[in-house]
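Remarks on the structure that follows.
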Amino acid sequence: MVNAPVDRRGRALPGPWTGQIVQAAAKRLRSSMFLMAQKMFFDAPKILGSGCLIRGAIALGWAALAGCGPPDAGGPPGDGRPRVVATTTVVADLVRQVAGERVVVECLMPPGIDPHSYKATPRDADRLLRADLVVASGLHLEGRLAALLERLADRVPFVAVADRLPPDRLLEADGGLSDPHVWFDAALWSQAAAPVAAALAGIDPDAAVAYETAAEAYAARLHELDAAIRQRIASIPAERRVLVTAHDAFRYFGRAYGIEVVGVQGTNTTSEAGLADVNRLVELVVSRKIPAVFVETSVADRNVTALIEGAAARGHRLALGGRLYSDSLGQSGGDGETLEAALEANVARIVAGLAPGPEAVSP
Amino acid sequence: MTVAAAPILEFHDVTVAYGRRPVLWNVDLAIAEPCLFGVIGPNGAGKSTLLKAALGLVPVVGGYVRFFGAPLARVRGRVGYVPQRETVDWDFPVSVMDVVLMGTYGRLGWLRRPGRRERDLARHCLDRVGLGGLADRQIGRLSGGQQQRVFLARALAQEADVYLLDEPLAGVDVRSQEQIFQVLAAVRDEGKLVVVVHHDLRTAAEWFDRVALIDMRLVATGPTAGVLTPDNLRRTYAGRVELLEEIGRAVAERGRTP
Amino acid sequence: MMASAPTLAAWPPLVAVAAGPLDAGLTYNTLVVLAGVATVGFAAGVAGTLALLRRRPLVGDAAAHATLVGVGAAFLLTGRRDLPTLLAGALVSAVAALVVLVFLRRIARTRDDAATAIVIGVSFGAGLALLAGITARGLPGGAGLEQFLLGHTAALTAQDALLLAAVSCATVALVAVAFKEFVLVSFDDAFAAAIGRPVGLIDTALVALVAVMVVVGLPAAGAVLVTALVVIPPVAARQWTTRVGRMLLLAGLFGLAAAVAGVLASTLRPGLATGPLVVLTAAAICVVSFAVAPERGWLWRRSTLPAGEESP
């Protein structure tokens, strides 16, 4: 199975990251955390009553804790442009499309990160608080950031894009919440451009008209894309039009473009799939003769591998249809750098995987 | 002049220290003949440490210990050991027979399991110590004296020529003490050396052929009556004068009885 | 990349054939998960018994918490996240943690419980920090390493199950061969040393066995839950027997039963996570043992009141 990470040219990334970690660790040790460690260091033997070994253990522990954090974010570029911090790559793309070069857009989560389980570091909190505008996806996609974002809302201009969409267009998920993966319905996501433009206009009133124009243009492009996708999905024979993925991220996609979607895990990646779920899916795949399943860039492959083996045991060859962009866009320079590109890449893979053909596409 | 054979057990200039605290200091002791030998001294005097040093269980800082003129590693099969009763968790799920069979592991090595010969030997040893019918009982359900005798049976199963016993009579009722001493005397009569770390001076005077008085160093050694004098006892148990005088008198009396 | 698929395809039909005579309700995935988890349950029970007899039941806990650092470090150093690589990393860090634990006890003269607490806290904290660092840096493939905390039992592949079964069988075989040495050292290490056994070596082997079982149990139940598989079946088994051999076997069987029952229970309804069900079943077995076992059980002791308190 594809487990080795690759760079944009498909070469396997080299192994050792130890150099970077050691560097970050060295920097961190100079910070105030080291002072706290020193204090504990000298007090510890009194508490625990033994010698240098305890000190060594504590020093090691603090070094480990201190050393593993993201590199220094550095100060703002200082070129006078407003600084917008977006939480996910999808939202960052939206802001870039509307604002162009007028603002500096920073993204909190790098490509390939799962926003459901992302935990903020103190540096992230710092960056968010010092931004001119914070744009989040909303609807609890950034589950672990909820408390932080709530605190932000009073102090920094903040907009949660999905929260501004018409509620009647939202799908329900477990626990009374809404499914947050709204960007897969291009037409629905196009309605998110206007709130972003309004928020940008709030911090940069001079360019308000420009933002509005850009937002409308982007929305129009998304509508075109929407129609194109619908057509291409319709080209898949009806009985094979089932999208099986690692987690339930594609329900909006399914509703908008007429394809049935099934995820092994639920809407949230932090829940564990049970055997009954896996068995049920194998049954579905075999009985409906679905030719391919899809993995995601930000979710582990494990469940899908088990699915493929289970189907093979019943004599049904289930191919791996490719890696879809789900909760995150791709690396820069790849085929998923913007939302439009990611949607197109996804659709290409889905169609290739599900439409009748001799071989399935490799990711 | 006959050439002297190597002593059965020899301590030469033995010093043992835990960290920086010395526990035994320059002990020179040689036991040449099989006998029932007692190691006597106050609490914390290093008596158990002496045995452990002989067995290599604690590191010896200076000097050496030899059995039959050789280091322990060469003659392990000839040395039997009974550790203190408190070192063991008696709730451990083993039976009396299982424990006694452990005495045969030395000869069996790593891979062989105890067979018929070992089981017969174990039963024989249990009979010798008077626990014949209790082979299948779990060890937690024995009295203190019975537990002590299980350990003794295990040591006997080692079929050794020298037996080192660490406080085998601690917490044992008087009747069991008599029984155990009788077994030890029988073992001595077979020509084996039996070294016993013991706490009670009265019974010591009664049973041991020779004793050594230990108080971090060797105070005196030799035949019992000659060693357990009030003077020696005073030097060993410094500070307990009245008790010593009384015991000294009792010992002297026994020494006079045939 | 896809090379592994054709070889695996040859496998499942064999398994399907073997499953033919069995109940039709057992799917391939269920069988694979059963094979993996059941063997781990048995071997974890056996290894855990040795640790319990040696009065060190928490070594499993220490090893489990320490595996996180190894998983993160293995990913960072090799860039791969297939199961054998990550488990190798987990094994190295689990063994290292146990070495530190032994070191703290013997040489730094720290108390048992304090030493265990230190090792667990420091290693787990370091592991979490490492994983957070990986996530924050956005290293490709770094997502989902924390799954090792909770396990992903339902997604065991045939390859994984094979690895688990092989390691479990090797562990049980080793214990069977060296059984009497382990019991000797666990019961009376002074005597064992006196007859010339390398007590330190055997002790280390015993602790290493537990570490191996903990690491191998990671995919089956996750780091947090695998400790339960190592500790609960031996405790339950102790209630039923007073012979070591039987206790080992019984602990293994209890682990096996918990695994099988947990896996089968999780197939009944969607949304039931498999790993936690296994542990809950083990706990249930333990509670029943405490209540019902002859002689040591609570019910038993209540029903055998002294004669004076019974009605004539």
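Labels A, B and C are assigned to the chains in the order they are written; within every chain, residues are numbered from 1.
In this text, a residue touches a chain if its C-beta (ideal position, glycine included) is under 8 Å from a C-beta of that chain, and two chains touch if they have at least 3 such contacts.
Keep in mind the model is a prediction, meaning the values are calculated, not measured.
**Q** What topology does the chain touch graph have (line, ring, star, complete, other)?
**A** Contact pattern: an open line, chains touching in sequence.
**Q** Mind naming the chain pair that shares the most C-beta pairs in contact?
**A** Counting C-beta pairs in contact for each chain pair, the top pair is A-C.
**Q** Would you kindly tell me how far, in whole Å, the mean C-alpha position of chain C lies from that of chain A?
**A** So the centre of chain A lies 34 Å away from the centre of chain C.
**Q** Which whole number of Å gives the spacing of the CA centres of chain A and chain B?
**A** 73
**Q** Report, in whole Å, the distance between the mean C-alpha point of chain B and the mean C-alpha point of chain C.
**A** 42
**Q** Send over the residues of chain A in touch with two or more other chains.
**A** Not one residue of chain A touches more than one other chain, so the list is empty.
**Q** State the interface residues of chain C toward chain A in the complex, per the touch definition above.
**A** 1-2, 4-5, 8-9, 11-13, 15-16, 27-30, 32-33, 69, 76-82, 100, 103-104, 107-110, 114, 118-119, 121-122, 125-126, 129-130, 132-133, 135-144, 146-147, 150-158, 263, 266-275
**Q** Over in the complex, which chain B residues touch chain C? Could you list them?
**A** 52, 55-57, 73, 76, 79, 81, 83, 87-89, 92-95, 98-99, 102, 105-106, 110-111, 113-114, 138, 140, 154, 158
**Q** Which of the residues in chain A end up touching chain C in this complex?
**A** Listed in rising order, the residues are 1-6, 12-18, 20-21, 24, 48, 50-54, 57-58, 60-61, 64-65, 67-71, 109-114, 117-119, 121, 124, 266, 269, 271-280, 282, 298-300, 302-303, 305-306, 308-310, 312-315, 317, 320, 331, 362-363.
**Q** Write out the stretch or stretches of chain C touching chain B in their complex.
**A** 53, 55, 177-178, 180-181, 183-184, 186-188, 190-191, 193-197, 238, 241-244, 247
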